[in-house]
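Shown next, in structure tokens, is the structure this report addresses.
Per-chain numbering from 1; labels A, B, C and D assigned in written order.
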Amino acid sequence: MEGIESIRPLLAVAVSILAVPLIMLSSRKPNLREGWTFLAAGLKFLIVLSLLPLILDGGSYTLTIVQVLPGLGIKLRVDSFGILFALVSSSLWIVTSAYSIGYMRGLKEHSQTRYFCFFALSLSATIGVAFSANLLTLYLFYEMLSLATYPLVTHHQDAEARKSGRKYLAYIVGSSIGLVLPAMLAIYYLTGTLDFSYQGLFTGTESPLVILLLLLLMIFGFAKAGIMPFHSWLPAAMVAPTPVSALLHAVAVVKVGVFCIVRVVTGVFGVQFLQTLQLGTVLCYIAAFTIITASLIALAQDNLKARLAFSTVGQLSYIVLGVALLSPLGITGGMLHIAMHAFGKITLFFCAGAIFVATGFKNISQLNGIGRKMPFTMGAFFVGSMSVIGVPPGGGFISKWFLVLGTIESDQWIMLVVLLVSSILNAAYFLPIVYRAFFHPPGETGISTGMEEAPSFCLIPLMFTAFCSIVLLFFPQPFYSLAEQSVRMITQGW
Amino acid sequence: MKKTGLIMVIVTGILLIAGTTEFPDWADPNSPASSHVSPYYILKAIDDTAVPNVVSAVLADYRGYDTMFETAVIFAAGLACFFLLRQFNRKRAKTKMYRHVPTGIIIDIDEGGKLPEENSNFERIDSQWTPYDLIIKTTCRIIIPFIQVFALYVIIHGHHSPGGGFQGGVILGATIILFAISHDLRTTIKRLSEKMASVFSSMGVFLFAATGMLCLLLGSVYLDYSALSDLLGTDPVMARSHGILIIEIGVGLSVMAVMIWLYYNLSSAGKHNEGL
Amino acid sequence: MEEITALLVSRYNYWAFIVLMMVGLYGMIAKNNLVKKIIGMNIFQTAIILFYVSIGAKKDATIPIIEHGHHGEEVVIKAVDYINPLPHVLMLTAIVVSVATLGVALALAIRVYRQYNTLEENEIKSQLSEE
Amino acid sequence: MSEQFPALLITVPLISAFFITALGWRSAKPAYPIALLALASALFSSMGLFGEVLKHGKVSYRLGGWPPPFGIEYAVDALNAFVLVVISFVALINLIAAKRKVDGSFSGKSPAFYALYVMFVSGLLGITVTGDVFNLYVLLEITALTGYALIGMGDKHAPLAGFNYLIMGTIGASFYLLGVGYLYLATGSLNMGNLSEIIPTIQSKQTIIFAFIFCLLGLFIKMALFPLHNWLPNAYSYSPPAASGLIAPLTTKVMIYVMIRLVYSVFTPAFSFGHPILPTVFIWLAIIAIVMGSLLALAQKNLLKILSYIIVAEVGYMVGGFWLGNSDGMTGAILHIANDALMTLCLFLVAGNFIFVLKNDRLESFKGLIHKMPLTMAAFIIGALSIIGVPPTCGFFSKWYLIKGGIEAGQYGFVAALLFSSLVNVILFFKIIEITYFEPETKDGHSLHHHVAIPREEAPLSMLIPLAITTLLLIGVGLYSKEIVTGIIQHVLPTI
């Protein structure tokens, strides 16, 4: 089924690249500069939105940008799963832009122009990944994202940032060149194509050992997904300014990692193919290990952002687990979790940033009684945690529900236990924070009584995302129908 | 280094010796080298170019393009030595030395002092100056013209006897070098300046390349001297013969000039003082 | 034994060039003095020239200057009577190249001397390692 | 006009060198415009020739009007036409950028510099275009001699580096000449086309095999394949920046072209790849070259040294890719000739800009450079990405073919070496980018970024524009890899 040829997917990718020179030129006028960011973000969201109706009707858009190798081009294709991810990231970019203004100006950060430029570039790469039609294009945008986020991670340009930057690059670029690239070439050599297809690219004549090897290369190679032992760049990258952590390390970058894994598992290997080889179980155990271990480590973190980071590591593996179950419900759950976790986790990061802006605190042990001072922030934090734990009123409940159903559907009882145990662990590392904030008396940390919230540019976005998290519980559209549609295509074959 | 050198040498030597096992016997007239292309030159040289000296014919015509680059190589060497070694604007020595020729008295003149007019009585010298040897000087003066005439003969008669531009050019250059050795560098440079040597050397190769270009402009291919027949008023075969002469002259000029240029720069390390 | 002698005799020109070439190569690699290296280089190149020239030899043949009638009489030219001219032409080129290389090599050696005040490689190396 | 392109291509720069030298005694001023014109005309001719070849197939040009094998022939097919365009383009771009670097250096001998420069280029063009194995030797030497002189004019250790290059280069060229001698001995011919007809008919191959070994040995020395690379790093890093931007991108690449040409058009692929051991030996040499080149690059503290060792590794890419013997590997090797020439040009131009502003190329002096020279740094980053092999820069696509060829041939050692060197390049370049990005630190290790604004100090426009063109081409060539592969390289590849 060939989709409609359209330039709009390219526009969606390019609009934020085009904004970069404008942002650079207006570096002396901060308001104009942020204006460009907003304009690009809004346009990007609108373009993505305009693609939605056709996708919901079962169509798709394609565009070959350039044919770089014989039979292999840089090609875009918008399908339901891609647009699901694009919707999440482009909508959250708008919110994060607003939050960034509050945060960066509130802290009088340096080099804000560079910050906004690379932010825009990163978003281009993210949408590019979402709309990639083949593995080569995916790889291209994946690398672009790695490089564009490097200046954001090392924004502070001090010794710590340098250390984290090194770690970030070593893990992300190292794994993509060392693992993904050879795997991609091997796949191209074996199958003669790299275009995604839900039937899988393999003919079934290859030795299962080779397939397993390629699968593992891919899973670990997309290190942005943070599957252990390739996770430790993520906590290190938390030295970045909080909006960066929020959007990139709760939404764009890490979700690109899992998005790639899901794409590769469904579009390159094919669900049915993996089922016949029974390779899903291997993936399940890898993901389960990460889920449990990351949650346990998160418990021990005192730095709020570090705890959130380890929570992210665990939550990402939920998505991988969902797909690894290779059952329709599990995949639905995994896809939905991309959206649900994004809204939940970004709220939490926004809150962490807001606390830092307002009080300068980074550690959980300093937060005694802060709920009285920042009731809105901490309220939103509560909603976010609920969503991540997977209980109402958070939207995370839906995705987790599907994941649980998926484990039952595919008879992976151990995975069911893993999910339940990890939910308890989630609760165990989030709820004490909320408890501490509202019910602990302010200690010697010197929190004065009376309201003292972060600037409204910080506050409004986080309230908004918290609100969205709740709304998504009741109205999970259009994410639910997109996920469902993808699953239908996956199970029927393309 | 010595040991590794020895090992490498032995290994290469064994390789080389192993390579010779299937060589044809020495001086075998039926070896491939002597039976494939070269008989053509021997049989056709006179018909094609009217030059009995096959080496000259091949050098300047059949493989004239090689020869042009060969001349360019030698020109490049002269230029390279100039580029690497020549030192302009060196700090002037504070005292200048002059020698009064008739008496042999050497005068040091401090900066700002009045300089004598340079004529046959006074000559400028360097601190490294050594007196000429009369016997050598005179002998060279006598034989140099004869050598030069011989050199010209070698160039011009290259069509019919061993010789040609390279050989003649080198002999010509050697006469000037001989002059420089028997006298001194300063005297020689006064006769034939470095600028002249450089301009000559580029002119010589230019003569070669321009002849080729002329053939091209006359509608044939590069270096096809037969195209010059109209210009020279001869048949194409003789035109080739004349073309060969022209480029032999160019080569001779260039080689001579480069030899001199090389000598100037190498012998004085680019300072152009007394030198050797 | 006779065969070996015959082989040695029929190929002696090649042994000669190989020995010369190895002498030159050894000089280039193992000698300490830069000028000696240059001399080695020249021997090396000369060996190859010798090799080429010996390719051109023919038994009972003369130099390749064709006997021709000055007054138009027919002369039969036979290729076996004249040695192969091509290697000579090639080696004329190679000689010129080796002269040119020699010139540049000496120029570089002079510059090296200007820089380090010595032409001995080990002394230059010890100066380099002091830096 | 168009049928004369092969001759004009080479003779116009050559003749201009004589003019430059002669006029140089009057004034140094006309040297640069003449050189520029000559190289522009060479670029024009090579483009014209390229178009001709694409339209009508092979072009043969008989110098002096003599038919091969008696005269010297120029045989141009898509492969050399392509390499010609690359050479003349790189030479022209670097010449534009060289103007400001030459001004004020070489103490009044700048005409000689330009004359040697154009002669070097005409030598390279000649090597590429010629169809005669001995003519190739002469042109090899003209390139080498001018190259020694250009390198030897650098500061400090340049003369010694030039001298060592001369010794090694002469050994290499002499081995090549010896190989040609063996070939001549066995076949009696010097013309490439004629040789390739004779060689398959020869019964006992031993002399041919030794000719093959000696020719390649000579070329390996000239292209600095590990362990014969010792001359390269010093020669390239001490040479004057104006010259290194010409010599470094082109010399090794042209030597690789010559290797390909010899295999295709002289020894015939059937013979070369038919040998049971040699191709495997060459691949393993290439693997060692890649690994060692990368490792040695890690140990360097100067940008130019790093780049030089990267060239050593890149030579391994091309040699290995070519000797894989399958169409992907060869495509990769040929594509990499162009790509690597561009990448190396880009990085050497960047290094030239750094040296122009900073007066040295030590890494520790690069602190804060990203603020000081943002445009040059942008080009540096793109060049670095290309060397690393990140799409859509061109370096990715040649690496793609090379790796695919390696997988296809079952040479996993080669694939691993390529990936290893990519990873080492990541470390190398991000180490440099990190130094330029993190500003000078104070003693206690805290950054100063809130206080000190580093003033802009970019290189002049005449150096930035060529750099910008090269950088854009890195991406442009990458995106049009398919056209290059299907339009040019596929026509050249032999069927094995």
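Details
Convention: a contact is a pair of C-beta atoms (placed from the backbone, for glycine too) under 8 Å apart; a residue touches a chain by one contact, two chains touch by 3 or more.
Please read these numbers as outputs of a predicted model, since none were measured by experiment.
Touch-path distance (fewest steps) from chain A to chain B is 2.
Between the chain pairs C-D and B-D, more C-beta pairs are in contact across B-D.
In whole angstrom, the spacing between the mean C-alpha positions of chain C and chain D is 29. One finds 32 Å separating the Cα centroids of chain B and chain D.
Put simply, the C-alpha centre of chain A and that of chain D have 43 angstrom between them. A separation of 71 Å divides the Cα centre of chain A from that of chain C. In chain C, the residues touching two or more other chains are 25, 55, 86-87, 90, 93, 97, 100-101, 104, 107-108, 111, 114. In chain B, the positions touching at least two other chains are 23, 31, 33-35, 37-38, 41, 63, 66, 70, 73, 76-77, 80-81, 84.
Residue positions of chain D touching 2 or more other chains, listed in rising order: 134, 138, 141, 145, 148-149, 152, 159, 184-185, 190. Contact between chains, per the stated criterion, is found for A-D, B-C, B-D, C-D. Interface residues of chain D, counted against chain B in their complex, comprise 4, 7-8, 11, 14-15, 17-19, 21-22, 25, 61-66, 69-72, 106-109, 112-113, 115-116, 119, 123, 126, 132, 134-135, 138-139, 141-142, 145-146, 148-149, 152-153, 159, 182, 184-190, 198, 204, 206-207, 210, 213-214.
Of all the residues in chain C, the ones that touch chain B in their complex are 10-15, 18, 21-22, 25-26, 29-30, 54-59, 61, 63-68, 77, 79-80, 82, 84-90, 92-93, 96-97, 99-101, 103-104, 106-108, 110-111, 114. Note for the complex: chain B touches chain C at residues 1-2, 4-6, 8-10, 12-13, 16-17, 20, 23, 25-29, 31, 33-35, 37-39, 41-43, 45-46, 52-55, 58-59, 63, 66-67, 70-71, 73-74, 76-78, 80-81, 84-85, 160-162, 166, 255, 262, 265-266, 269-270.
By the touch criterion given at the top, residues 25, 28, 34, 37, 41, 44-45, 48, 51-52, 55, 86-87, 90, 93-94, 97, 100-101, 104-105, 107-109, 111-112, 114-116, 124, 128 of chain C touch chain D in their complex.
For chain A in complex with chain D, the residues that touch the partner chain are 66-70, 73-74, 110-111, 136, 139-140, 143, 147, 151, 154, 156-159, 161-162, 165-166, 169, 173-174, 177-178, 181-182, 185-186, 188-189.
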